[in-house]
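Quick one: the structure is below, questions incoming.
Labels run A, B, C and D following the written order; every chain starts at residue 1.
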Amino acid sequence: MGVEQKLGDMGIVTTKLEELVNWSRTNAMWPMLFGLACCAIEMMAAQASHYDMSRFGMELMRASPRQSDLMIVAGRVSRKMAPVVRRLYDQMPEPKWAIAMGDCASCGGVFNNYAILQGVDEIIPVDVYVAGCPPRPEALIHGIVTLYEKVKGDTFREAVKA
Amino acid sequence: MAQLEEVSYEQYKHLVSERALTGETMLLNMGPQHPSTHGVLRLLLELDGETVINAIPDIGYLHTGIEKNMEAKTYVKAEVMTDRLDYMNTTGNNLAYCMAVEKLVGLDVPERAQVIRVIITELQRIASHLVFLGAFGLDLAAMSVFLYCFRERELILDILEMCSGQRMMTTYFRPGGVWRDVPPEFEPAVRDFIKIFPKRVDEYEALLTKNPILLDRLVGIGILDAQTALSYGVTGPTLRASGVDWDLRKARPYMGYEQYKFEVPVRNRESKKGDTFDRYIVHIDEFRESLKIVEQGMDKLKQLSNQPVQSDNRKFVPPPRSEIGVSMEALIHHFKLWTEGFPAPKASIYSAVESPRGELGVYLEGDGGPKPHRVHMRTPSFDNLSVINKITQGHLVADLVAILASIDIVLGDIDR
Amino acid sequence: MDKRLEKVVQELQEKFGSSIEEFRDEVHVFVEAEQIVEALTLLRDKYEFELLSALTASDYYPQQSPRFHVIYQLSSLAKNITLQLRVPVEGVQPKVPTATRVYDVANWRERELLDMFGIEFEGHPDPRRILTPDGMEGHPLRKDFPLGYEEPQFTFNYDDIDLKKIYAKE
Amino acid sequence: MLEYAAIALMIALATLVALIAIGLGNLFGPKKPSASKAMPYESGITPYGEATRRLPVRFYLIAVLFILFDIEVIFFLPWAVVFRKLGLFGLIEMVVFIVILLVGYVYAWKKGALEWE
């Protein structure tokens, strides 16, 4: 990543820098408007005024992958949709994260058959799995806060290796 | 994982005009990930500048193989699958499936369970129309309507959660009645909702109906005449907006709908041509009609206060737990029903219900065993969407967005 | 049987020599594959069955001679009656003439039956798969098509499944 | 001379803020180019044909009209700054300017340049 590739580890300077960069990333992480099935309705309810995901920096659901940092796979991924999900994930700029919302995205859930991908982690690296069918909006927000904890722990060295 | 190859002209040669090959018209994908396709629908648009010449839907991006999966589960377990079909109208799917099973095995449903089913289904219809209105407003850049609609929807979801423990995928209706009786807090919660909701509908109307910008975008757009609608199998509010008075709750009353007084909102009965604005108005009127049904249902519920909510036919409905410790037959029935399920006769039936999007029919075929031989869900959005190419030709891309929002499709319904 | 329906069924019997099945206030009329378009036009024009509400099929796998039944569920809005036509179809090369000229809803429904059961509809304007991915062989809703079960990952078999599961690294 | 310093300062500050925003993003953002990332985004599907496809001339017409009336608005800005000093003369001058452009607008409107068909 940018300067870290050049700087590497400079002790106090880069840790303070890491905290600043991670702080800025966790407070304005825009998810991609990418609802597949029933979990998308719960995601919309989480975005609406009652549960209000905007309190956690998710002000907008950007429609195009070019302007979004987080891909919430909300719903069941069918075999026909899998390459599209993979391409959308590729087209998101770095640094990007992925939340598998709901049982169908995490492990195929109720549908263990020919049509559904058994877990979206077969095609994209998932950071946080949110359980539930569909998970309540609070569960999704809890998943997002867990993701923020994970992002806060990011150090540049890992990013350089990855 | 299959690779995404380029959209080739040969694939669609018989659907698009040949001007697309010469590059005169543009082939554009309004693809699976698009803010205004209400889910994962891909529309291959053939555009001449802003005018839509052809809008070819390509569905299947959410195909879940539900019908195949239901063949591998017993009748009671298969009901869990129906919730995930039309995820805006989950209790309606449950009702359609339960009525099909009851019709196949000849199971009776007690009076109180029928009233509870009607109330919950009508509340779910209001919730589904609220999401329709929210998405409809969002597509026409009226952002605030989305937030207002979801505010009311939360009240209904609380009521559903109070009865069944789950906000959306309730599986609250079971073949033979309802899972358990409504809790005592159900009555005040629904009464409050009935009291505040009419004012909220007037609030939506004040925001949208007389808004000149919206009228310009809706009136005269996406004309669908009754003859084409019936030939394309369009049912529900979209058909009623084109002047055909066909509502299964009135035509073939089920669950005691004949005892409720309500009218079916139908527009341009004589001109038989409905546009996007009519479809929007039919949805708004249906808010008020459904509320009337809920109100009459609540009064009826009060009269049948302590009646059973499950049929006492032990061959199909598991006995209450209190009885198991006492009587031997109850234990046998309990054990048999929960391990193997009940066998159904070797025959097939078709029973239809009026879902917020149209006629939701279930073709259920038993083969004598505990598992259904074939379950086909005739879902309304599948046929409602097939008419989109015909009614959007010649309109602008912005109108296509409004028309797609007005026919209110749900992709879980279409791809099953 | 509803008396208005009796008249319709009688005419179908004389014209197409079809047998009847009755179950729970429903009438199933068996029609041969060649006569189906004629029967549908007759029902739509003469007896006002405007809405073909459902068009589906059912697979009776081990039985090869009529392996599939293509089911046309018709409903008449004017007279508020419903009727079901069933067309038995062979299992090897299932072919049924298309009904798109009579009802436009048949266009997508027949594409779905081609996709799910492999039943070909002669004269269909756009015979493509509609639901399953393009490269898919086999027809899912046939009885001999496996459901496609994958063993779920629980605590007791976590490790050996973890080895087999293909995780996307980046 | 002094007021030009103020404008120069504003321009400098504006470019500084822009540079900081882009620079930080560029500096700290990890760079992992890949083939599918470079492909044009068309709702997740490979687009048909190359990106520079032939566009109908109406788009150009609307673009020209927009530029025309946008420049008109830009001419308001200097006028608004010295509006008090110019007094009545400034007002009449601007009204004449606006009327001329209004005639142009009404002509374009009635000619149907704004309609898409």
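Annotations for the structure displayed:
In this text, a contact is a pair of C-beta atoms (placed from the backbone, for glycine too) under 8 Å apart; a residue touches a chain by one contact, two chains touch by 3 or more.
This one's a predicted model, so the numbers in the text were calculated from it and none came from an experiment.
Most remote chain with respect to chain B, judged by CA-atom centres, is D.
Counted by C-beta pairs in contact, the busier of B-D and A-D is B-D.
One finds 45 Å separating the Cα centroids of chain B and chain D. Chain A and chain D have CA centres that are 34 Å apart. With each centre defined as the average position of its C-alpha atoms, the distance from chain B to chain C rounds to 22 Å. With centres defined as mean CA coordinates, chain D is found 57 Å away from chain C. Chain D has residues 32, 44-45 in contact with two or more other chains.
Shared interface positions of chain C, i.e. residues touching 2 or more other chains, are given as 132-134, 140, 145, 147-148, 170.
With touch defined as above, residues shared between interfaces to two or more other chains in chain B number as follows: 2, 4, 31-34, 60, 63, 65, 68-69, 415. Because contacts link the chains in a way that matches no line, ring, star or complete pattern, their graph is best described as other. Here the chains touching each other pair up as A-B, A-C, A-D, B-C, B-D. Within the complex formed with chain C, the chain B residues making contact are 2, 11, 14-15, 59-60, 63, 65, 67-69, 72, 103-104, 106, 228, 230-233, 235, 244, 246, 251-252, 347-350, 352, 359, 361, 363, 365, 373-374, 376, 378, 382-383, 386, 415-416. Against chain A, the residues of chain C that register as touching in their complex are 132-134, 136, 140, 145-150, 152-153, 165-170. Here chain D touches chain A in the complex through residues 26-32, 34, 36-37, 39, 41, 44-45, going by the rule given at the top. Residues 32-38, 40-42, 44-45, 48-50, 63, 65, 75-76, 78-84, 86-88, 110-116, 122-123, 133-134, 136 of chain A are the ones touching chain B in the complex.
In the complex of the two chains, the chain D residues touching chain B come out as 42-49, 53-56, 58-59, 116-117.
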